[in-house]
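Lettered A, B and C in written order, each chain numbered from 1.
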Amino acid sequence: MADTIFQVSDLRVDVPDMTRKPLFGAAPRLEILKGVSFDIARGTVLGIVGGSGSGKTTLGRTLVRLVEPSAGRLLFDGQDITHLSDADMRALRPRIQMIFQDPMSSLNPRLTVGRTIAAPLGAGAGDPRVKAALEQVGLPAAFARRYPHELSGGQRQRVGIARAIAMRPDFILADEIVSGLDVSSQAQVLMLLEQLVVELGLTLVFISHDLSVIRRLCSRVIVLRSGEIVEDAATADLFERPQHAYTRELLDAIPIPDPSVRW
Amino acid sequence: MLDGRGLIRRRAGARLWLSGLWLALFVLAAVLAPLISPQDPLAQDLMLERLPPAWMAGSEPGYWLGTDSLGRDVLTRIIYGAQVALAVALVAGLATCLIGSALGLVAGFYRGWADRIISRIVDIWMAFPPVLFAILLIAVLGTGLSSVILAIVIIDWTRFCRVVRAETLNQSKMDYVHSAKVAGFTRLRTLLSEILPNVLPTIVALLTLEMGIAIIVEAILSFVNLSISTDQSTWGGMIAEGRTSIHQAWWVLVFPLIALFFTVLSFAQFGEGLRERFDPVLR
Amino acid sequence: MSGFLEIRGLSARLAGTGQRLLRSVDISLPAGSVRGLVGESGAGKSMIGKAVLGVLPKAVEIVEGEILLDEQDLLKVPPAERRRLIGAKAALIPQDPLTALNPSRRIGPQITDRLVDILGWEKARAASRALEVLVEVSIPEPERVMRLYPHELSGGMRQRILIASAFAAEPKLIVADEPTTALDVTVQKQILKLISQLQARHGTALLFVTHDLGVVSKVCDTLSVLYAGKVVEDTTVQRFFAAPQHPYSQALLAATPRHTDPAASLQPVPQAVIDAAMAEVAADDAAWRPQGGAHG
């Protein structure tokens, strides 16, 4: 375990359940993550799959410290960041990026694409890095002047990706980033990410429902269910010899692109 | 063009230009009052009392909109009244906006104890009936232009605070705010460079509305004689005086009323128009 | 027989630059059938859906064409009447689940409002219907979820809320804009089966925008392939998967990943195919003269 970028042990997250809050006193806690542990090796791609509402996004948000863990430990590059203050965390921010699931709400509606990408770099919208990042995700450089609502869903998603890669981080958490793209753009984005992993030693956590993408991109896969890890295996093993019944169920539900194959 | 969308947009443009034109006239009149007024606003001449407007029989040249019961020129007094209205709209409107919006942004974004304190104060504030509150304040502060402005600010900042807080709260739940955090922005920078541009359209709409409201409040206070000394001309004061002679000289009441109505309406329309013209999301 | 939804020769462009976004689009959708709409990102799929529901952004103007909903041309009726027609007969499942929901209101009222306001249902009836549709899209603990705010839900749950809310009023036409992108495959399967069932039972016409040809092969009857705002292929699903005609369709099908075969998956559409398609579009534009439009 020499080169581990993230060490996660017994991570728990709970939120107050406001719908069950009694008139007086504190609301009961609702457990979303129930103690998950895993390591992420530097320069690899880890896939996270699991049902809707199983806690994938919450896990991702906890890794980038948008959600405060209620218990457990989170080490980034050997440093304990579990309860690091916002101010101390800021020093690490440029190295840890996240691409959000919902492209529209993760872009500021009243900033142009160029400013959205440039701001975290501390640059202006005309910075050459903005143009480069846009082109890397397959968008024309002229899109820098557009506002998010002037883009299609897939174009917005790619702006989110461009912003994260423009910062050249060590770690990216990608939450469901290719599901809104056509296969050709998907291929382009995946090739770009693969290239960053190989050439720059980027570490990627890739949350996705699309098992064919997971199979193509990830070296290891974690299967999450109701806030718990039910399977953690090398990708080839998972697809060839799924251990858990839930994993098999996931594999069976993939629609094969062929109208003659019954579902 | 099949669906008439262009038509709607053209009307929106007209809204901005018409209201802008009226407001420009209003500001010019206030600033240039001594230069453009045909008469002296305070000159009383009992020989000239209750002259009708220029196009009616018995009018006197140089008194376009007639005179009041003391023989003062109505047009001149409307122009001078614009000075008071403009001062109230600008100073009271901006001060209310600044205080209310700042507190609203802080409460909605930082939440916690700041929010609890601010929201509680707003709740208590809004429990007072505003007109009574105003009269009470004037009684304490004394009459005069600055007291009127102060009273408006003290009463109306809550309107901004509530709306801006709610909007900030909504915006804070959007992922772009989390995204700013991941990008390493400080809280203050997130508030100013990410959230503020999205709350700004709301603030502008409220501000122009508030400017109109400030003018009305001043007029009401003048009307009940709680605003400024009677020899300074104000629209509210003119309306109050005009009311007593409505049957003999309707023009003393009607023209300041028209000026008031169009100015207040133009402020509201101007705000809407600005939004339609400059908000990238609506454009 | 003409369809419940008939789009004929629909062209749209950007008001500012005059750039064409839709190029004489023809789409026919009989009642009770499902048409898939696929194509590259930015091709104009969402635009078509928005045009049908009358929610195009201001910057986009329709230059020519007809949109017949139940034999009435939506572009010829006055706006108020059009809104009423659309509200009563059609529903949209939008592409961005989070921005489509009001962040400061609970889920329950956001579903029932439409039923109460537009269809004039009683509150109690609307509430029980909302509960029913939430159960149908397999939202766990629906009573509790009705009292949550949008940001307290996962991405997939939000998407299911929007699906439920579209079906609640039992519209005759549903435009579903990538309705299952945020769903895991098991829920997706369940929801797609449900959509098929509901659609067959009520004779709903469904326009289904998606990137997933796997999904197309399971739920759609017919298919339109869109490239740069132009329908390059209009075919049945059987024929498409057996022998796609247009080079872009062929490339699309070839690029589609199959998880059973990790080697042969996910490649960009070859540049030659893109160039050829762009040339086709350009030739089309050169020959195009809008009828009665102010275009030069």
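Everything below uses one rule, namely that a residue touches a chain if its C-beta (ideal position, glycine included) is under 8 Å from a C-beta of that chain, and two chains touch if they have at least 3 such contacts.
Just so you know, these numbers come straight off a predicted model, no measurement behind them.
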A-C or A-B - the one linked by more C-beta pairs in contact: A-C
Identity of the chain that, by mean CA position, is farthest from chain B: A
Chain nearest the global centroid, as defined over all protein CA atoms shown: C
Distance from the mean Cα position of chain C to that of chain B, given in whole angstrom: 46
CA centroid of chain A to CA centroid of chain B, Å: 49
Intercentroid distance (Cα basis), chain C paired with chain A, Å: 26
Residues of chain C engaged with two or more neighbouring chains: 59, 98
Multi-chain contact residues (two or more partners), chain A: 102, 105, 149
Contacts with 2+ other chains: residues of chain B: 174-175
Chain A contact footprint on chain C (complex, rising order): 38-46, 57, 59, 95-99, 140, 144, 147-148, 152-157, 160, 177-178, 181-189, 192-193, 211-218, 237-238, 241, 251-253, 255-260, 262, 265-269
Residue ranges of chain B touching chain A (in the complex, touch as defined): 174-176, 178-187, 193-194, 197-198, 200, 279-281
Residues of chain B defined as touching chain C within the complex: 1-6, 9, 166, 169-170, 173-175, 282-283
Contact set on chain C toward chain B in their complex: 15, 58-59, 61-64, 75-76, 79, 98, 103-104, 149-151, 293-294
Chain C contact footprint on chain A (complex, rising order): 15, 19-20, 49-54, 56-57, 101-105, 149-155, 158, 175-176, 179-188, 190-191, 209-213, 215-216, 239, 249-251, 253-261, 263
